[in-house]
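Single-structure report; data block below.
Chains: A, B, C and D, in written order; residue numbering restarts at 1 for each.
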């Protein structure tokens, strides 16, 4: 590579690595831009937005490239109050600031994503549990989750693209039997919590949303065994074996 | 009122009250439907969806009324997989089940809403805190939250109507200085947690989202004073007075 | 029963039931006291404390009974600052207030218990996980949890009776292999959260501690399946089947 | 310093720094031990336990020193099941493993401490809130927290040294009016969450306990303002000004 060349890291890198790399490349005159993208596998149809960090002049130089990749305003309504604000944000790309900011903003985006997903997930779980044997007759409901998800897409306060996806999944698999419930995470959620810790900012929902994923990947946590051991210790409680569990559990 | 008349409770009532009331009215032949609505003050422009509970025949009889009030399919894309599913959900109204289900489903809707809102709120807080003095130079960012919110409306995974509202608020008040940060709750969030407790379903995010609102309404909690008292007890730590706090806090 | 007789409910009843029952019994002249006890199966050796609610005169009349049952001061050091405070608390029994307070105070005791247990449980889980394959060489540790629990009993800030019980369990079963990790709850934890909701007081730790128990009793939650379904929706992520899970999980 | 000299870091250092430092010192033949201690300002009276990490031979050589500093078995009852276990843990000091383990174990100790403290804090807060105006007459209680804390020291399941400290504080300041409620944290709690994130272990209670401290140090969080802004956006809700807050808040 030659001086004035530009490297674009368009993946989900850790923003501190961007800072390190761009600093390292500076003496060689090579520009380094960190660009977070969001849109998932639907990017081609729906478009995907770009969060750009790095040297501002470099970002400026590559503006035509970003403008081409970005979805443009499409038919998304203009935000009231932005009539006089000049920004490429409405085009679907944004220069966020110095090196690292592109991936930092993308990281927070993913942290939020985990929280949103968990909020829907818990809500549907409670809807599903309305059919629980634990509930008194007359206060137990067998609800059609697929229809409810579809309904909420229509003018409700919680309409969103993630809800659209939930509605799609429920439409063809009403009990979501095709899923084991093992949920992975891709790193940005953890970095988001780490950023919150470093800033001293509370992130209860974002962290708890991540931890439920960790838990989903274990048969049983050691923590749970410690609880059982203590319960036996003070109360003589013997937890039922797994066979019983299947019946008692939800 | 005469037999065969129908009462529609279109507010945010507690679903157990619906069950009680409809049972009470049954002998008199008066029908009682509980109808949750979502759409807020934007209902007139955006439409609002209807969640209906009660006697199915009554709901059937009033179908023209609900069909008229409901937003209809509008220009919202059809959910893949629903091509052969017959349901009024796509019209924006849905018979959910026996008495109480309309408000039960609306209650969960609001519980989810609290979780979604808190996820965005924490994310923006961490973006805002990227400017914190606690961070090392070169890893501290001054981000434009209004532009970021706008950007995320464009093809991102976390696009939603709530995000649209956040973008609108930030467009005209970038630091949200016009808000004190005192946040109320309207009851459904609490009932959602209560339902989770009765079902035995975990609702970490929904409950924590509610508790941050409780906390926002207090100068300081007694819990915090207990923490300070213990810290002084074992470590001799004296917490700084409020004046110092202003400087040290974020 | 005759007027002036007294009923003592010494179980773990719901405090609102106490209020209802004592009100119901009032016209008949029968006294009703709600008495929460804590000490578990070790009560005989360690003593157990008594939390008493109801009519004060009745409680006064039965004072000799409570004084006999209570553990007395034993060799527990006097609390500094209580030299001039007159109270039976140091004897291990306490009149807490009107009907319901005995069980209300016991309920909160159990709520706290859940939180304390979960704090230890998570700590031991992280100690245990220090041996995880996810960690880089040189930063992965194989720790002796039994010895660590024992050590912390010796002058540490987190010494407690619950820790004593954990140390006992770990002494004879270092991996706690004898426990399935299925953890029940007995009701008071749920009521504690309900009380917090009614008061408008934040109870993040107490509620989350309860929810981990709910989760421990399910193979997989529906919430987790919703997460997987959404992840597949936006990212094309296919979660690995359970067989893979065993290897990848902790 | 000369080869074979030993450095003991007896503070609250980050365990990864220990690993780095001991590796750095290795070529020079200087030994480096990381020793976490717990006992607080009461160490002199109550003793304090020692968690030791580093080269085992070095730790062995300094055993007399640790044995002298450690509290010894005192009058703390022997843990059932440890009759045949040989370990210095009962003396109040323990070699935990290679470099970093001493501070790693101490770090987790502090993480647990935060969780325990928050559990008590929330419990007392709910006891305190039983007097709330939000509650119906007859179900509102004015409880004596100082006496309740004292009572729980007597045979209850939640007796602990931290409870002793809470009882001491409440004995002389029943409303804890001497505390502002501004709560600091000293770093180990954050590192504990970071370790959990790296291991992929859930730590809901420990993280939430830390976040309440973060929150206690802010007048209002930006997150709360985002919530208010959204509520105004969809519901037209105008949050009351702070003056009203004082009356409405707890």
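By our rule, a contact is a pair of C-beta atoms (placed from the backbone, for glycine too) under 8 Å apart; a residue touches a chain by one contact, two chains touch by 3 or more.
If you're wondering where the values come from, they're calculated on a predicted model, not measured in any experiment.
If you take chain B and chain C together, the chains in touch with both are A, D. In terms of C-beta pairs in contact, C-D outnumbers the other of A-C and C-D. Remark: chain C and chain D have CA centroids separated by 18 Å (rounded to whole angstrom). Remark: chain A and chain C have CA centroids separated by 33 Å (rounded to whole angstrom). Across the assembly, chain C contributes 40, 118, 120, 122, 125, 128-129, 157, 161-162, 168, 200-204, 208, 211-212, 215, 217, 221, 223, 234, 250 as residues in contact with two or more other chains.
Residue ranges of chain C in contact with chain D, taken from their complex: 16, 19, 38-40, 43, 46-49, 51, 70-71, 73-74, 76-77, 79-82, 85, 87, 89-94, 96-98, 100-101, 104-105, 108-109, 111-116, 118-120, 122-123, 125-130, 132, 134-135, 138-139, 141-144, 146-148, 150-164, 167-168, 171-172, 192, 195-196, 198-206, 208-209, 211-212, 250.
If you check the complex, the residues on chain C that touch chain A are 40-42, 117-118, 120-122, 124-125, 128-129, 161-162, 165-166, 168-170, 173, 176, 179-184, 204, 208, 212-213, 215-237, 239-242, 245-246, 248-250.
Within the complex formed with chain B, the chain C residues making contact are 157, 190, 193-194, 197, 200-204, 207-208, 210-212, 214-215, 217, 221, 223, 234.
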